[in-house]
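So, here's a batch of structures to check.
Two complexes are shown next, each including subunit A; its partner changes from subunit B in the first to subunit C in the second.
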Partner chain A sequence: MDKVKGIIKLIHSLVPDNKNIRIMNVCGSHEHTIAFSGMRSLMPENLEIIPGPGCPVCVCPESDIINAINLSKREDVILVTYGDMLRVPTQKGSIRTEGKNFRMITSPFEAINIAKSNTDRKIIFFSIGFETTTAPTAGILEMGVPENLFILSSHRLTPTIMEILVKDAEIGIDGFIAPGHVSAIVGTNAWNVFSEKYGIPTVVAGFEAGNLLLGILEILRQLKNGKAETSNVYKGVVKPEGNMQAQKLMDKYFEVANVNWRGIGYIPGSGLELREKYSWKDARIVFELEEVKETKIPGCICGTIVLGKAYPSACKLFRKACTPKTPKGPCMVSMEGSCNIWYKTL
Partner chain B sequence: MRNSNSKIEIGHGSGGKLTRDLIEKVFLKYLNSEELKPLEDAAYINLKNQHTAITTDSYVVRPLFFPGGNIGKLSICGTVNDLAVSGAKPRYLSIGFILEEGFPIESLEDIVKSISETSKNAGVSIVTGDTKVVEKNKCDGVYINTTGVGEIIKPLSLNNISAGDAVIITGTIGDHGTAIALARNEFDIKAPVVSDCAPLTDLIMPVFEIDGLKWMRDPTRGGVSTVLAELSDITGLGVEIFEAQVPVRDDVRFISDMLGYDPLYLANEGKAIIIASSESADTIVSILKKHPLGKNAAIIGNISSEFRRARLKTTIGGERLLDMLEEDMLPRIC
Partner chain C sequence: MCVGVPMQIVEINYPSGIVEAKGVKRGIGLQLLPEDQVKIGDHVIVHVGFAIEKVDKKQADEIWETLDEILRVMDEEEKDARGFNSAGHD
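Up next, the complex of A and B:
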């Protein structure tokens, strides 16, 4: 603990009095640690730690969820997806409230088992998330999946959305804490663009409070020296080149696509769809899914919060109409959503 | 009747011969207090003390059998502990069963056997009972209701609590919630976490004699956090808990991290939170530590008038809110 106290002291000494410093994290698990450790209460007043787009469930388009609900109503289908996804609200309810044949899974391998034991049904794996969950989905495709298993891909790319954020002057990011799990897949090299092209210190950190504090300290050190680098304080897990095997498989099965981010809009090259070669596994094509027009949730500012332009506490619905029990927007549902995390800790 | 083929039939709830059979061959085989034996409509009980505590609770836990216990053991512990933390010596229990048609009688016997053992350990007599049977798929195996009566030995009230009091926990937190989560096999995790389900009578009663004892509560559903947030809400006092002092098993902490749970919100079935004057806190902890169920007892925080709400001082020195549980991540935990 003395080491942690030492890091906090150094952080205070490196933050200049006359300037606001804004550091963004882009990972729900990072935000979880930051909030649950009460880290913000230990920071200098003019150092902000902003939660960014770290919640995959929060940005999953309403259209995909409604399509998933409708698919689950077919008698010949079992929809399988991660737990958080089941509760995300849409204009048509959530998968849990409106869906019919659906099951929660914790890993894509379970989807295979469900497919094998239900050969008379079509199993649709609603596969969502950033690079961390894309890799295992590519993994099962490589292993060979049963004939009756299809993929509804709603995967998103972290570096692409981060680049959008950097270019947005309204947000004004001085440093990035790069996500530990995503970095394990894409490698620290994926973040070089931020330090080299945009001059923003970018530090890969792990999930313990002490390690995250070390990451913040490293960003401040770079800011003080006026030299942006991509550094790594999570060296045991993250390598510069990342997991090459996973990258290879992701590239084999998926291609970059222009996709919609809920509450934000279409972002070119920010998502992954199955390659045409595997279209016979692509639920969008096999089941001829059509896009449903997204509705705006009255009062909900999830999209703005995801982009780091507002804190959850700035939303008029927060803690009033919108609670984990009565979530209005996706950010209050997921354990990785900023609103849900802030609700529990603030 | 202990035959792996016998199953609960609708007739077992008829009140007629089959019911009588079930009572004699399963319930009375294990439960045989003097008060119960006459099988009258009501039991005569003898309460020497006029000040009596009474509580009731229903049990719908899923799965029925889990590491460290089953619904039967739980139905005794839960009600006994509600009496014990109210400063009462648990004396008599009633027990009501709702059984699903087709439920194996062998499993019912296992449950009743646990009930018998646990009530003996807890020092209570089961003096009256009831059985109903519902059609297949109309309930999930077995539901149990128990009502408990106890003699008040040390009247306790939230009004006794004042700034400066200490917050004590009798042992590691989150064991029951974690054990149930794992027992449901919804996660691909194997770990030797056992529910803490236990009657607290023996552990807690010696503490009744300590003057500084103010209030107690067993942190079941919603965990420690919910109890303390409620305490703060009702008394208007602040509660500060020091994360580094809260006993949590390593495997419970690890699994919580993996599943996104917070041990402070996980259910316990064999723990008590004790609020006591700061002068008496060390004595109470040393009394608790003498009992096997209290070996990890610790002072984990204090009551303050400087702020309202319950908050946690984290291991890195930060602060965060402790609130009442909002989302029930594990329904049917008890």
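Up next, the complex of A and C:
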């Protein structure tokens, strides 16, 4: 506790009185720790810790979810996906309310087991998320999957969206807390672009409050000294080069694609689709999926919140029409969504 | 979805393995780590059924401190969702 108090004292000493400093985290689990620990209330008033795009469910395109709903209505299909995806609202409802043949899984292995137990059905794994879930999907492809298992890939790349944020002057990021487990896959080297090209201190941190505070302190030290480096206070897990075997497998099965981020729009090179070589496993191709035009959820500012341009409390729906039990927008659904986290901690 | 759980390897049948944490055992994939770099007794971060990286014991214990809080929240959400799960959707 004394150590934590000491870090907080140092943080206060390093924040200049005459300047606002904005540090962004890009991981739902980081935001969870920050919000639940009450860390923001202990920070200097002019130090903002902004939740960024750390919630994969929040940015999954409406079009993919509607396609998933429609696929689940086919008698010859069982759609499988992670639990959070089932509740994400769209103009056509959610998978949970409008889907027919669907199952929740907690691991891609369960998709394999379901496929083996239902050889007369086509199993479509709606595979979403950042690098931490892409690598496991590449893992099952490497291990070999049943013929009747197909992948609907809606994977997104963390470094790419972070670079988009850096270029947006409206957000004004002074430092990044890089996501701990995404970093385990991509390595600290993946963040060098922010310190070297954009002059933004970037620190990989773990998920314990004290470790996150250390990360914030390191960013402030660099700002104070006029430096910008990539640092790592989660060394027990994250290496500079990352998990090279995981990277190799991801590269073997996936290729970079121009994809839509819900509420944000198309971002070049920000997603992963199956390589053409594996198109016979690609549900988009096998089931000839077409893009559904995205609709705006009236009043919802989830896209703006994901970009760090507004806090959940700025949304008119927050805590009123939109609650974890009655989510109007995707940010309220997942426990990694900023609105969901803030609802439980404010 | 992206919550990584530190678990200890108790059995290896590469590329599969069995890990344990808090008395719970679970089969996982070791495909994302080279075969010659994993051994029984190692602690690994498990994400959606795959070990994504090795972790030292001290760091694993620190992560669990945070996870206990997150899992408490998840349990509450699971209770809320239980009505749906028992509905028998295919």
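Rule of thumb we're sticking to: the second predicted complex is superposed on the first by the 346 of 346 C-alpha atoms of A that agree within 3 Å, B and C clash if a C-alpha of one lies under 4 Å from a C-alpha of the other, contacts with A are read in each partner's own complex, and residues count from 1 in each chain.
One rule holds in what follows: contacts are C-beta pairs under 8 Å (C-beta built on N, C-alpha and C of every residue); 3 or more make two chains touch, one makes a residue touch a chain.
The model shown is predicted, which means the values in this text are computed figures rather than measured ones.
Trainee: Once the two structures are overlaid on subunit A, check if subunit B and subunit C clash or fit side by side.
Mentor: clash
Trainee: Is A:266 touching anything from subunit B or subunit C once the two structures are fitted on A? First, second, both or neither.
Mentor: neither
Trainee: Applying the document's definition of touching, compare subunit B and subunit C: which contacts more of subunit A?
Mentor: Tallying touched residues of subunit A, the top partner is C.
Trainee: Under the stated touch criterion, which partner chain does A:323 make contact with: subunit B (first), subunit C (second), both, or neither?
Mentor: After superposing on A, A:323 lies in contact with subunit B but is clear of subunit C.
Trainee: Between subunit B (first) and subunit C (second), which does A:5 come into contact with in this model arrangement: first, second, both, or neither?
Mentor: Only subunit B is touched by A:5; subunit C is not.
Trainee: After lining up the shared chain so the two structures overlap, which partner does A:100 touch, if you call subunit B first and subunit C second: first, second, both or neither?
Mentor: A:100 sits against subunit C, while subunit B stays out of touch.
Trainee: On the A-aligned overlay, A:243 touches which partner chain: subunit B = first, subunit C = second, or both, or neither?
Mentor: second
Trainee: Have a look at where A:36 lands relative to subunit B and subunit C in the superposition and call it first, second, both or neither.
Mentor: A:36 sits against subunit B and subunit C alike.
Trainee: Let me test your reading of the model: by the given contact rule, A:280 touches which partner, first (subunit B), second (subunit C), both or neither?
Mentor: A:280: touches no partner chain.
Trainee: May I ask you to decide whether A:343 touches subunit B, subunit C, both, or neither, giving the answer as first, second, both or neither?
Mentor: Once the two structures are laid over each other on A, A:343 reaches subunit B alone.
Trainee: Determine, for the stretches 62-70, 224-232 or 260-268 of subunit B, which one clashes with subunit C when the structures are superposed.
Mentor: 260-268
Trainee: On subunit A, which stretch or stretches are contacted by subunit B in one complex as well as by subunit C in the other?
Mentor: 32, 36, 104, 106-107, 110, 209, 324-325, 335, 344
Trainee: Which of the residues in subunit B come into contact with subunit A in the complex?
Mentor: That would be residues 186-188, 244, 260, 262, 312-321, 323, 326-327 of subunit B.
Trainee: Which stretch or stretches of subunit C touch subunit A in the complex?
Mentor: Contacts found on subunit C: 1-4, 15, 27, 29, 31-34, 45, 47-50, 52-56, 58-60, 62-63, 65-67, 69-70, 73-74, 77, 80-81, 84-85, 89-90.
Trainee: Would you pull the subunit A residues touching subunit C in the complex into a rising list?
Mentor: Subunit A residues touching subunit C: 27-29, 32-33, 36, 56-57, 78, 82-84, 86-87, 96, 99-104, 106-110, 128-130, 132-133, 135-136, 139-140, 142-143, 180-182, 184-185, 206-209, 211, 234, 236-239, 243, 245-246, 249, 324-325, 334-336, 344.
Trainee: Taking the touch rule as given, give the residues of subunit A at its contact with subunit B in the complex, in rising order.
Mentor: Subunit A reaches subunit B through residues 1, 4-5, 8, 32, 35-42, 104, 106-107, 110, 209-210, 213, 323-325, 335, 343-346.
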